[in-house]
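Two complexes are shown next, each including subunit A; its partner changes from subunit B in the first to subunit C in the second.
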Partner chain A sequence: MKLMIVDDSNIIRSRISRIMVDARLPPIEIVGYASNGAEAVALFIATRPEIVTMDLTMPEMDGVECTTLLVESDPTARILIVSALSDKATAIEALKNGANGFLYKPFTDDELVNALLELIKE
Partner chain B sequence: MSSKSTLNKYLGIIFAVSLFLVFNLAVLGLNFYTSSTLHNDAVSINLSGRQRMLSQRTTKVLLTMQVDAAQGKLDPKNTAELKKVSSLFDTTLNGFKSGGTVVGGDERPVYLEKVSDGVAKHSVDEALRIWQPYKQLLVPVINSTYIDDIRLDMATDYAREHNLKLLKLMNDLTTQLEKNTKTKARNLQLIQTIAMVLSLLLFANIVFNALRKLRSADGEIEKAQRETTEILNTVKEGLILLDPQLSVGSQFSSSVSKILQHEITANMPFMPVLEQLVSAEIYASAKDYIELLFGNKVKESLMLSLNPLTEVKVQTKNDTTPRYLSFQFNRVVEEKRVLHLLVTVQDVTEQVTQAEELSKLKGQSSINLELLKKLLQVDTFQLRQFLNNAQTGLDALNVILANADKRAANQGELANQCFRIIHAIKGEAAAIGLEAIETQAHQFEENLVSLRKKTSWDAQEILSLPVMLSAMLDQIRQIETIVNVIQEYRQVNSSAYKPPTISTSVSNNLKRLAEQVCQNQNKNVELKLNLDLLDRMETKTAHQLQQIAIQLIRNGIYHGIETPSIRLAKGKSAHGEILISALMNPEGAIDFIVRDDGQGIVPSRIRTSMIASGRYSNEIVSQLSDKEIVGKLFEPGFSTADNPDKDAGRGVGMDLVQSLINEIGGDLKIDTKADVFTQFAFRLSKHAKPSINLNATEAVV
Partner chain C sequence: MSDLSEKDIEIFIEAIGDYFKQITKESASVGVAYLAKNAFPMNDYTGVITVSADYEGALYFSAPSAMLRHLLTAMKETNQSDENLLDAVGEIANTISGNARKYFGENMVISIPEKIAYLPDNLNELVRPYAYVIIIKWKHYSASLIVDISRKR
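Let's turn to the complex of A and B:
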């Protein structure tokens, strides 16, 4: 499965990709990184990932709006919101707009891996 | 329920119904078979009846022909009829004999079964015997184209002679066939009746079994419902089953109304109840959250952390203080559809308040949890006493240090005062378990050591001391704040909370100290305490006694009690023992006794240690008497310890003990015997100089 990582923090992007490499999950392969919503939409259309990790607070286009656009483009895409947001309402908004799960930042390696495994489970 | 177990459950009924159907089909088949044989029988009866008529007709035609012949007439019609009826009779009779197709009553061919019954067979055989010659006689009559009187007369004669017999035989055949058919019909009726009865029985059995199954299933359902109701009545948590319309299901726990402070009834809409409880903002999030749970898109486990209804603050008109509720939602899924949400509501006020208190404590100081745990264990009264003493002591130290240069005359005594103060704080801190303060006091002592050796202090040298002092004071104040919060919390939250008695908390402190010193020194000591009388004393006195005990326990373990291997070599138990008791004598005075079963105070050993320490010359040591040597123990700064550490080595302990006893007022008496024991005892009265007994057998005052 193809994974796209959307986060404006370089640290988080590399952390997620490092965890994915360490976890050696054969079915998941990272196809791209985006640092804001607009980039994410363009990359999504170009690479067609099945799963996306999505930050909420980003410049230019935020995670809620980006999620909405991605789901419109491909309703089967599975989107995991990964956010440090203390405002639960915004995260719930993202889920209402089509995201499939939520993971709090900061997260441990295991938490991320388990969340992604849960996400791709039928 | 899986389809397999459903199949098992109904297997009995399916079997019974199949049996019923097979049985009924068999009966139906039998009916078909019997009615078809009955049809054949009817053909036979019909045809055998016709035989009677045919034999009559044959005779009649013959007679008519005979009358015609007498008048010289030959009617071809008669000949033709004779031919027809005789041939019909012949084929039918042969049909009865061996079976075959014959012309029926309606001129159509029918199959005639041969007769099998004995009586009927006999009639047929008999008839054939008569018929065969008859038939031979008829052939020329039928074939003759002219009037053949002779042959006609022969046939007519034969007919006259045999016709009745033939008629009777055909009559017998008919009667017999009818009889057979009747028997067959009767048997058929019997079989049908039996089949009917059996089938009714089978049917009744099916119905009965089905009813019994239904009844027992109903019983099980009833039992399950009863159990569910019981659980729902007793469970502490509020449990509600929400349907997709967000209405309360028919079953919910009885505690839910109390927790929500709202009467919950079946089928009532749930959201308005929630709306009244929480803020509009939380309500909106909660509504979205619940709706998302009823959808299939979001994974349940990946939205748990977003539940807006965890530890949510509520205050209904019945609540005097705000409460905290936690709502938990779990999907009830069947065939990938979310049928219900199981809502669990808990009142978590207590947990939340406690957590808040803890975070308040954490916010007020950066003190670690370990310290907090210790503070919670120690009696706050004791803590306060310690904090007061420490504060007073540190303030006094501050004054001494501030005026140090002005009192240059008696620097040594000032240093000793400082030592006594800081040593008391160190001991108490260790007893209560405040390691941070104990360590700080120990460092302070180390810095003081160098000063004690000097005859005069210069400002530079004592500069580090006030800094350390203020750090200690800060620490003490922080602890005080925490103690205040703890005390407040205990007063507010538990009217039943009783502080431990002084004797209990002193005992606990001393045990804790002994344990710690033993651990440091690798020794095993059992502390035996009898300090109940402390509860009857002034707090100050009890506290001073604790300080004395602290110093004597330190000394006892460090100097008195031997290591386990040495003790075993001496024939003692590996465990040393220190006994501390406050006892009332008959006159009402109190004796305070600290006794250990260690190596005793042995002057020769003290001498050796004194020389070995390098601080005393051989000469000086040899000039001192035994009593003077022991008396040295009480001199400030005297120590025989090799390496000063937290537990011993500063030569402060006994000095402190003496000055405390002076404060309380009393005479210290030391009894000791080499390798057996050391006992410090004093009676709480006016103070006096310590008296020393080097041998227990000699009473020395």
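Let's turn to the complex of A and C:
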């Protein structure tokens, strides 16, 4: 399965990638990284990933708007929000806009792996 | 001047404690918050989150470079460039303020992080007098969380 990682933080993009490699999950290929929503939309169209990890607070285009556009482009894409925004209203808004799961930062390696496994299972 | 209550400030103390525990699997010693008029403890790298909507002001997480390098090592991050040290303070400030919205709600809108390296002498002037200071000790390092947030009247 193809995975795209979207986050404006270098160290978070790198950490998610490293956790995926270390976990040796069933074939997941990281097809690209984006640091804002606009980059993510372009990369999504170019690479067509099945799974996306999506930050919310980003410059240029935030994660909720980006999620909406990705789901419009491919309703079968599975999107895991990975964000520090811990209020209920934000989580509900993201899910209403097409996200499939929500993982709060800070997260452990196991929490990320389990969240992605759930997403793949669905 | 921050008008947050003791209970409000406890949210930030819990959030920064949780951050270190989750990321490093070790507890940090998080001190009680004190009100400082000025002379806020700033370090090599500072992440700033500005708040808006029902709130105003900013939250600052400031740490020495050695602490940030150690923290990146704990995260298995081998790239310890200046860019990643800046990224780390921004991400920590973002995580603490984002987590605080569980308590303050969506009407505390937070900005993307501003990241500052090697502070200019006048940075203390950016923080309004009477902001809360929380000192975090992890291993033998010391960092600070400065909460200069108030409710809009």
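The rule is short, and it goes like this: the second predicted complex is superposed on the first by the 120 of 122 C-alpha atoms of A that agree within 3 Å, B and C clash if a C-alpha of one lies under 4 Å from a C-alpha of the other, contacts with A are read in each partner's own complex, and residues count from 1 in each chain.
Keep in mind that, in the parts below, a contact is a pair of C-beta atoms (placed from the backbone, for glycine too) under 8 Å apart; a residue touches a chain by one contact, two chains touch by 3 or more.
None of these values were measured; they are calculated from a predicted model.
> Counting only touches as set out at the top, which of subunit B and subunit C does A:118 meet: first, second, both, neither?
first
> Which holds for A:89: it touches subunit B only (first), subunit C only (second), both, or neither?
both
> Touching A:44 in the superposition: subunit B (first), subunit C (second), both, neither?
In the superposed model, A:44 contacts neither subunit B nor subunit C.
> Of the two partner chains, subunit B (first) and subunit C (second), which one does A:58 touch, if any: first, second, both, or neither?
So A:58 only meets subunit C here.
> Counting touched residues of subunit A, say whether subunit B or subunit C comes out ahead.
Comparing subunit B with subunit C, the partner touching more subunit A residues is C.
> Looking at the overlay, what does A:18 touch: subunit B (first), subunit C (second), both, or neither?
In the superposed model, A:18 contacts subunit C only, not subunit B.
> Touching A:106 in the superposition: subunit B (first), subunit C (second), both, neither?
The second partner, subunit C, only.
> Just subunit B (first), just subunit C (second), both, or neither: which does A:98 touch?
first
> Which subunit A residues are contacted by subunit C in one complex and by subunit B in the other?
Comparing the two interfaces on subunit A, one with subunit B and one with subunit C, the shared residues are 88-89, 104.
> If you look only at subunit B, which of its residues touch subunit A in the complex?
Going through subunit B, the ones touching subunit A are 281, 284-285, 288-289, 291-292, 297-299, 301-303, 305-308.
> Mind listing the subunit A positions that touch subunit C in their complex?
Against subunit C, subunit A makes touches at 8-12, 14-15, 18, 57-59, 83-90, 104-108.
> Per the contact definition, I'd like the list of subunit A residues that touch subunit B in the complex.
80, 88-89, 91-93, 95-96, 98-104, 115, 118-119, 121
> How about subunit C: which of its residues touch subunit A in the complex?
So the residues of subunit C in touch with subunit A come to 18-19, 22-23, 72, 75-77, 79, 83-84, 87-88, 90-91, 94-102, 104-106, 110, 112.
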